[in-house]
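Next come two complexes, and both contain chain A; in the first it sits with chain B, in the second with chain C.
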Partner chain A sequence: MAIIEVQGLSYSYPDSPKPNILDVNLTVDEGEFVLITGPSGCGKTTLCRCLNGLIPNSYGGAFSGRVVVDGLLTTEHPVYEIAQRLGLVFQNPENELFCTTVEREVAFGPENLALPRGEVRSRAEEALGVVGISHLWDKSPEEISGGEQQKVAIAALLAMKPRVLVLDEPTANLDPLSARSVLNILAKLNTESGVTIILVEHRLEMVAHMADRCAVLDDGKLLLIGEPDEVLYSEAVDRMGIGIPKAVKVAKRLSFGSKSGKKPLSSRDLADIIRGGKQ
Partner chain B sequence: MKVLYGFEYRRGVSVIHRIDPRSKMIYVILFTALTVYFVNPLLLLLVLSSSLPIVAISRIGSRWSQSIKGSLFFIAFIFIFNFIGIVWATGSVYDAVISGISMSIRFIALISIFSVFFLTTSPEDLTQSMVQVRIPYDYALTFNMAMRFVPTLSREAQIIMDAQKSRGLEMEKGNLIRRIKNYIPVLIPLIISSFRRAELVADAMESRAFGASKKRTSLYVLALGKRDALFILITVLSFLLLLSLRLVLGIQ
Partner chain C sequence: MILFEDVSYSYSPGRYALEHVNLDIGGAELVAILGENGAGKTTLVKHINGLLKPQSGRVTVSGADTKNSTVAALARKVGLVFQNPDHQLFAETVEKELAFALVNFAMPPDEVSRRVDWAMKEFELTQYRDRPPFMLSGGERKRLALASVLCYDPQILILDEPTTGQDSRQKIRLASLLKRLNGEGKTVLVVTHDMEFVADFIPKVVMLSKGRVIAEGSAEEILTNRELLMGASLLPPQLAELSWDLALQRPTIDLEQVVSAASKLVGGSQR
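Moving on, here comes the complex of A and B:
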């Protein structure tokens, strides 16, 4: 079942001379893990804002096409309604944490929904538990590391029990270790809780093998979409400024794809193929 | 800027920390009124000393003394200007000295009262108490976010200052006016980035269903308890005692 339908979406910001998003069509099924990548300034952030209705509701500008999230047309429903179906995690956690303690931060969403106090509390505790930071509940967002901040941001959205989580380069400001730990949480949410994940990410090395599909945006247009190996092994991506995993580059040089039909996405897959020899 | 440290809340576990902000607000209002009402330096000294037991019980001595030390700089100004003003108006040096002393103690007392309040009241409790005295949530939240972003902004200011210095901006150079002007290349980027940040924060708030319901839930609700009753009782009694010194004994 499609949980997100984007049809003929074009958008330009109020003072923008050219469209920031041009004729994007995208359908995401419930429970899918979709990876979106593309060079800087390609419209990834803009697309994320379109998905949760911030565009056009709060930004104005020229919007055309349709975005339907879990049955809600974004042009007809306010952001707070869409936010209960689709959570958006931003790039810099510093700007999305605005409360003075982690616990208040996570409770902010359910409080806004005017849920009973017991429910607010249990949701906040549960969400902190899911991302594994229950021990930080009384810390200030200022006192914790970037990776922990991003986990707080994810927990704050999970507390609203969204069916879709959209993440706009959540690991951009994180070191590799914290990045992996955040990405592992996403994989777990996707496989264990069935949350649909749309992840905008440059570090394909770490995530390509987790995704069901991979999309490449360039200059506001959706150039490619398909299974990660199809997309990353296609010739078109070589010329673009995206971070193709090293395993893929090596495999391409060795022209694995044409010889054996095997398309490794991670260094582990690649090593297995090499170790396996002629199979 | 050290004065500000004397107002920055740090988590504490004392009885005073656990007293409802509304009760502490009663202390702030009553004793602030006294600092304005009293003229005699000795009475003002009594008002100032009212915060000493609170400082002792809540163990905020070192931070509190920072706020007092930080205010000494202003006191010099206040004393001098007050002195000149009074000598100008009345010609009496004695009056001018007494009045200058009163003004200075009054200022320290005010700093002390507010410092005690902010040092022992967490921003979240303060915000919640604002909501419970029917201040609209939007204003309470704005206040709360201001508290949250103070350290962020000061860090950012430092980064911008370092960046401008590395491009050759000499901030400590020149006379007073020159030095103030030197801050412009720091302030403008700081203001612009704050506006951008504000937009991003607004996005994040909307993405968490801000405004979904007119009557939102609060995770915590403050309730006045026995310790609040006791605190208010002591506050009101000492207020009346001090007030009677002027009203009954006639000390100005």
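Moving on, here comes the complex of A and C:
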């Protein structure tokens, strides 16, 4: 069942000299994990804003095509209504934090869903625990480190429990272990609870193996979409300057993709193939 | 060039953000500062441009104690690009943003426009000359923040998470610019979680954990030391990981070495 349908979407910001999204078609099924990547400025964030209705509702500009999220046509429903079904973590979440304490920040969303007090509290506590920042609950979001702020934004989203999570480079300020643990949480929500995940990332080595599909945007257009290994081993991405995992680079140098048809994404899989172990 | 002597700092009593830090960064070095979230990296670099002053111990930059200098005086010498570009960008247009510091340092107009043009070109922002900074993409804003500091050519460059939002082509461009500046004698400090960027481009590493310096050395040596990395919530770069998975005798972060070792193994298993 499709939970997101993007049909013939084109968009230009007010006064933009060229379209920032051009004729994008994309259907995401409920429970899918879709990775979106592409060069800086290609339109990843713009696409995210289209998904949660910020575009065109708050940005204006020239919008054409249709975006339907869980049955809601984005042009006909206010952003707060869409937000209950599709939660978005912004690329630079610090700018979105406005409460006096970390705990209030994370409780804010559930409170606005008019949930009972106990439920609000337990959701907030759980979300803080999941991203590993329970100890910061009484701190002001201004008085914590950059990575800690990013974790607060992720916790605030998780506490809302939306059916679709859209995360715009959520790991950019996280240390590697935290990044891996946040990504593992997303993978778990996806496989165990059927939450649909749309993740924008440059660091493909950390996520490619988790995704069902990988989409590559270039200059506003959806250049490629397919299974992560097909996409990362395609010639088109080589020329684009996106972050091809090292395991893929080494495998390509050994002409794996073309010769043997084997397309490992992780170093473990590559090593297994090289050493003739399990495949 | 930059000397930390037994420096401690805490934002709130009883919890140190920096604890007895000693660090000596010589002349033209290119160094990465690594460490877990909350390790104290940003706190450390804010001591170099005088935004923070040590509560105990001493920080000296080119021989001068930062306690005796103002941020304004240090700014000409120490360029700091903030972790969040939105803390730094305020001008009406990209061009004005880039010109701001130059005008402030009383550079002649033709020099200002020459440098602004250079910076826009170097960071691929020329097409956005007249655009307000908040109307750029995340990666473009980060590049503007970098450009606005690099264009006034400080002797010491400190970049807090410069690769966030950058695709690999932009990272390669940035790395070669940093290498060039470093080659011209500048000190370059890069605070980052991007282990791949460090493995590929930065020769030296300082590791911070819980407010303390826990290791210093070459990137090759530190990034292939699994225990050390785990101690600071870091993961090895992919090539180190691959070295272990392939059971190479000498783990490495060098692509060519891994490729050549791997192709020998492939040849071996086919026989």
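Following the convention adopted for this analysis, the second predicted complex is superposed on the first by the 259 of 279 C-alpha atoms of A that agree within 3 Å, B and C clash if a C-alpha of one lies under 4 Å from a C-alpha of the other, contacts with A are read in each partner's own complex, and residues count from 1 in each chain.
Assume contacts are C-beta pairs under 8 Å (C-beta built on N, C-alpha and C of every residue); 3 or more make two chains touch, one makes a residue touch a chain.
These figures come from a predicted structure and were not determined experimentally.
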Touching partner for A:208 - first (chain B), second (chain C), both, neither: neither
Partner chain(s) touched by A:50 [first = chain B, second = chain C, both, neither]: neither
Chain B versus chain C as contact partner of A:241, first or second or both or neither: second
Partner chain(s) touched by A:35 [first = chain B, second = chain C, both, neither]: neither
Partner chain in contact with A:178 - chain B first, chain C second, else both or neither: second
Touching partner for A:225 - first (chain B), second (chain C), both, neither: neither
Chain B versus chain C as contact partner of A:167, first or second or both or neither: neither
Contacts of A:250 with chain B and chain C, given as first, second, both or neither: second
Partner chain in contact with A:131 - chain B first, chain C second, else both or neither: neither
Set intersection of chain A contacts, chain C complex versus chain B complex: 92, 94-95
Residues of chain C touching chain A in the complex: 11, 35-39, 42, 83-86, 135-140, 143, 160-161, 164-172, 193-196, 232-235, 237-239, 241-242, 245-247, 255, 258-259, 262-263, 265-266, 269
Of chain B, residues touching chain A in the complex: 11, 122-124, 144-145, 147-149, 151-152, 197, 200-213, 215-219, 221
Chain A residues touching chain C - in the complex, by the definition given at the top: 13, 38-41, 45, 91-92, 94-95, 143-148, 151, 168-169, 172-180, 202-203, 205, 240-247, 249-250, 253-254, 267-268, 270-271, 274-276
Of chain A, residues touching chain B in the complex: 49, 52, 54, 58, 78-81, 83-84, 87-88, 90, 92, 94-101, 103-104, 107-117, 120-121, 124, 138, 140-142, 156-157, 160
